[in-house]
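Pasting the structures in now, so scroll down.
Next come two complexes built around chain A: one with chain B, the other with chain C.
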Partner chain A sequence: MISIQEFLKNVNTGHVVRSSVPMGLGKSLPMLDIADDRLLVTLFFYRSILRPEDKTLLMPPEIIASFEYPGARLVTFETLALSRRFTGVDFRKPAGLFRHEAIRHLDREAYMAEKERYYEKLNALIAYLGGGEAFTQQDEDELARLFTMLAEPGLYPYYRAACPQFCERFLRK
Partner chain B sequence: MTSWNFDPDTFGHGMDADELAGTPATPQMEELDLNGDGVTDTVHVYQDTDGNGTYDTVTTAVDFDGDGQVDFTAVGVDTDGDGIVDYNEAAMGIDWNGDGQVDAVLYGQDADGDMVMETSHLYTADEWADFAVPEVPETPAPDEGDGFSAGYEQFDANDTNMDQVVGSPVSDEQYWEYQGESGPCAIYAQVMAYEGMTGQDIDPQEMINVAYENGWYSGSGTTMDDMDKILNYLGADTEKGYGGDLQDLEDCLSDGGRAVVAIDGNEVWYGNTDTYAPNDPNHAVEVIGIDYSGEEPMVIINDSGTVDGHAIMVPASQFMDAWEDSNFYYVEAYA
Partner chain C sequence: MFLKNKDFFAKPARVGPKAPGDQPDRVPEENHTAEPDGQKTETATMVQLRVQDEQLQRDMAFLDACSRETGRPEMHKQLSELRDYLKNARFTVAVVGEFNRGKSTLVNKLLGQDVIPVSALPSTLLPIRVEGGHRDELIWKKPGGETHYPLKPETWDTLEEEIGWDGKAKGELVLRQTLPVLQQNELALLDTPGTNSQVKGDLSMAEEALSGCDCAILTIAAVAPVSESELRFLQEGILTKKVPRILVVLTKLDLLSEKERELVIRNVQARLDSLQEGLPLYLSQSGLVPGWEEKAGPKAIWDQLTAWLRESDHTYLKCQRAHGLLSEMAEELRGLYACQLEVLEEKKEARREKVEEKKRQLLGNSHIQWDQLEIEMLNRCNQNFTWIREMTEERQQDVIEKLTLELSHTNNPKDWWEKDYPYRMKMEMIALGNALESNLQSFYTRDLGWLNHVLQEKYKAIVPPQNQRMADKGVFRGARSQAELSLEDMHNTRLISRVGTGVVTVAGYLLFGMMGLSPLGMAVGIGGGIVSELFMNRRVEEQRARLGQTIRTELPGVFSRCVETVEKNVRETYRDAIGNMQKACQNWANAQCEAMEKARQQGEDPTKAQAIRQKVEKLAAMIQD
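Coming up: the complex of A and B.
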């Protein structure tokens, strides 16, 4: 089974991103979902506008997409600006700033290291869901800690909208 | 979804494109009795959302069972103003247990207007209703900031051995333009490439309009698939694909061509600064040269995404890391 890191690389170089995701949009943290006995990886795509001194703008997500794991086949694709669920969102206004408080102590390398830990916990969860190794309460707490810390508070509502069951369990704010 | 019968040729049930074209920019409602029982069961609302005097959006509400509650809603949008619906979405409430309450919402999107829902998603009623628009922080709006400087050195012909330089970085640098803080990187990269090859002065804004009208630019950005469309529009020949390497770029530049590459923008934008961003978008830049005179080759790029992005020199190893994230996707262009 491929790792979530390889899976994300396949998504980034795959047909869906190449043909349907405007350049300039980056991926959210991946989340897992199960539907009809299939394991799905849900992401949203959003723009960050780089500015110094922790004033990088996080724009509202433009696309929510789910891909079947491990083959990265597209399952759902939602354009938020055209979706009635999100009619109250002004997509021209930032949803938040980066870096947020919980990660302000992390430099670039430390942030990437924490993100890597998050991916490894997802790999462990995927292995567990596939009937393999155990996923302990300690693993679950650590996955929740990493997800809650790394996800940007201004984007929490979008994470919840994209993958409610995952966020109910792992987004602890 | 049998009631999903918008006809792209007639833009809705009863009004064709000719009737709608040029009508005043006020919402217009059309009530229909599709099952012929004498009671209105379907309502269309036509709207001119961009205020250009032509209807571009039709919203449909259907009460299938005559209980006075809307069971099905749909929106059709003519995104490019040609009078044909090219985006549809629909939502249908589902009452699993027949208690008169909606238990779930089946939502689908047809992103290309062919009347086939490419994607659909079943939401519980709670999930559907559970989106609270978050408060937004007070910040300078996008494109009102000062931009971001990656802090790279610019190529200087006086500081290198020009015999070791591939491409035309000195002349191509003058065609660099800053795109602002969002959007059209691929269009700027293509315009810069075409100007470098031909010496013509092309207005990027005009090309943005062309791209928008042709569906190559969404207002948000350009997809990698469309990364050569403006070059083709201007008359350049292009080849594109994955798997490029430095030798491919060198060959292209040596043959008088120009190369536009898709890279992980943040890996280049960070430059030598402490700033970083949470996600890694693809970003288009023009490669205008490679300088082999130093210990490590330097890839010289025109990057419209940073305020000092003209002829910046990126170490080849860093450039390749950034390029790898698109699986080395690139466009070769020849005038």
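Coming up: the complex of A and C.
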């Protein structure tokens, strides 16, 4: 079974991203979902405007997509600007800043290390879902801590909209 | 991937040690220390207000007592806010508007220097009151006390971190400046958070600021002039608050071309005129539009503000606003007392009968109204059914056409039927389910909004929305049975036929070759090949026709089953809403009946009726024409 890191690489280089996601959009932290007994990885794609001194503007996401794990087959694709449930969002206005408060103390290496830890926890959860080793309470708390810390608060509503079950479980207030 | 623990997300989260900072979304608001402050402020207010306003204070005290007696705590809070408003001797100008409309920039321009930081993101997290003082200082006034900060550039960053972006912070920032413009004029400028920012509570901050100000400046950006939400905020947030003076300022005109500027100004002016409130329009920058010199630039706005400040009717307007608000409260209280009095004035037996009669009448009338509401909701529900039917029929035709077209291009109908068709159907059904869900949820929200509007007006109740999926995922995403058709694998058949043709050609060539007629042998082989190809094509066509027919017969059934489930869910959701509505209405009716019963029991005391009568008269005297 491939790791989530490899999976994301496949998604990044896959035809869906190349053909349907505009260039320059970054992807969110991956979230897991289960539908029809299939494991899905949900991501959203958003634009960021680089600014110095931790004032990089995060624009509202433009696309939410789910891919089947591990084959990376596209299952759902939603363009937020055309979706009724996001009619109240002004996509021209930034939704948040990077780096946010929770990761301000981390330098680039430390941030990447935390992200890697998050991926490893996702791998552990994927293994558990497939019938592998137990996913303990400690693992769950650690995954929640990493997700809550790494996800940008300004984008919380979009994380919740993209993958409610996962956020219900792992996005701690 | 095969999932063994597929119920992971369905199980409730295990309770583990809480993550640091793991707190509920909203902390309960701390109670305001109204009583001790109220005592102090009342004295201060009486000194500052003019003689006739002592009457206002007495009226407020009386209404406060009545509100407590009739169990209306929200009225007590309104009165407390009104006291604060009257206590404030400064002419307070609240600058309100949506996020990124240049509110802070305008405040800085009015003061002639950058006293408030501005940025492209919503940087005003709490209302900032800028007022004159003996020294420059920054104070965060919170419900629990106040914190003083030195006024340095980095202070704002520290404050931003302390306040946070989660909307939990309460209070107000007071920025005292030694600027001559502020010291010479008893004026305070109140910069507010954007009314449409994503931080919860920003709208209520702006609304609170409006209820305690003497003048409101609504900033509208020329790049996005008078959106529907701005117009709604102007109507519902500002005009209904009875703010005595309102000014609309058009900002960011410099971002438009010269031709566009005039067009935008005309458009904004027309929209403001349509409100028929005589709202003056100013431009934040001067020298951009010819003909607007008198109403453009910070100086023109400042002149207008100081003119209003110095007008003699400033205090009068303030009192008038207070009287208006008191009058509304008095009217509400009078209604309550009048109802009690009506019951009290009847004789004991007659009173009992009257109460019973009134209860019956109330319940009877209420039931009629509830039935009407129920019928209306069911009608709305039925309209959804019509829409669902029309929408799915249209979609069904599209899907049939799409699948038939796809089928007409396939060379092996069996393969297409077994592999491609189920996947295509699943995708189509998921798309249909999503479209239905999205539209039905918006219809439901609209209908529930209407119902709640009626309930709020008549019964002071609301029905909570049902968080229920109408286009059930299971129905649209689940596996579907499909007709078992015995189809021939044309790929194999064609292969066999081609091999056969080849063999015949070779055999014919050899056989007729021995007779010296090898071209004839070749011709027989080729002829056989053509015939077999034609035959194969006909077989494919037959299979396509058969599958096309099956799709046309099968699809309506599939769609129909899905639609039936959706309709059932929609009906249940609306039924739930109706059920909740009936419960809420019944509670309201019970409370009314209890109040009548209580009043009847108190009716034994003759002084009670007299006291209520006096209150009703006093309240009637407070009500403005």
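What to note about this one:
As a working rule, the second predicted complex is superposed on the first by the 173 of 173 C-alpha atoms of A that agree within 3 Å, B and C clash if a C-alpha of one lies under 4 Å from a C-alpha of the other, contacts with A are read in each partner's own complex, and residues count from 1 in each chain.
The definition used in the following text is that contacts are C-beta pairs under 8 Å (C-beta built on N, C-alpha and C of every residue); 3 or more make two chains touch, one makes a residue touch a chain.
Note that this is a predicted model, so its numbers are computed, not measured.
After superposition onto chain A, the partners chain B and chain C occupy overlapping space and clash. Looking at the shared chain after the overlay, A:I34 reaches chain C, while chain B stays out of its contact range. By the touch criterion defined above, A:T76 lies against chain B and chain C together after alignment on the C-alpha atoms of chain A.
Within the superposed three-chain model, A:R85 lies in touch with chain B and with chain C [touch as defined at top]. Between chain B and chain C, it is B that contacts the larger number of residues in chain A. In the superposed pair of complexes, A:G131 makes contact with chain C only, with no contact to chain B. Touch criterion met: A:L97 reaches chain B and chain C at once.
When both complexes are overlaid on chain A, the residue A:S20 reaches chain B alone and has no touch with chain C. In the superposition on chain A, A:P157 makes contact with both chain B and chain C. Superposing the two complexes on chain A places one region of chain C into the space of chain B, and among 25-33, 115-123, 187-195 or 547-555 that region is 115-123.
Residue overlap on chain A between the chain B contacts of one complex and the chain C contacts of the other covers 55, 57, 76, 83-85, 90, 93-97, 154, 157. Of all residues in chain B, only 73, 75, 77, 87, 89, 91, 107, 109, 111, 118-121, 127-128, 130-134, 136-137, 139, 141-142, 145, 148, 181-183, 185-186, 218, 220-225, 227, 242, 262, 265-266, 269-270, 273-284, 325-327, 329 touch chain A in the complex they form. For chain A in complex with chain C, the touching residues are 1, 33-39, 55, 57, 69-70, 76, 83-85, 90, 93-97, 101, 125, 128-131, 135, 137-138, 140-141, 144-145, 148, 153-154, 157, 165-166, 168-169, 172-173. Chain contact summary for the complex, chain A toward chain B: residues 9, 12-13, 17-28, 46-52, 55-59, 62, 66, 74-79, 82-86, 88-90, 92-98, 107-108, 111, 150, 152, 154, 156-157, 160-161, 164.
The touching residues of chain C, when paired with chain A in their complex, are 1-6, 8-9, 13-14, 16-19, 22-25, 99-100, 119-121, 161, 164-166, 196, 198, 430, 434, 438-439, 441-442, 473, 477-478.
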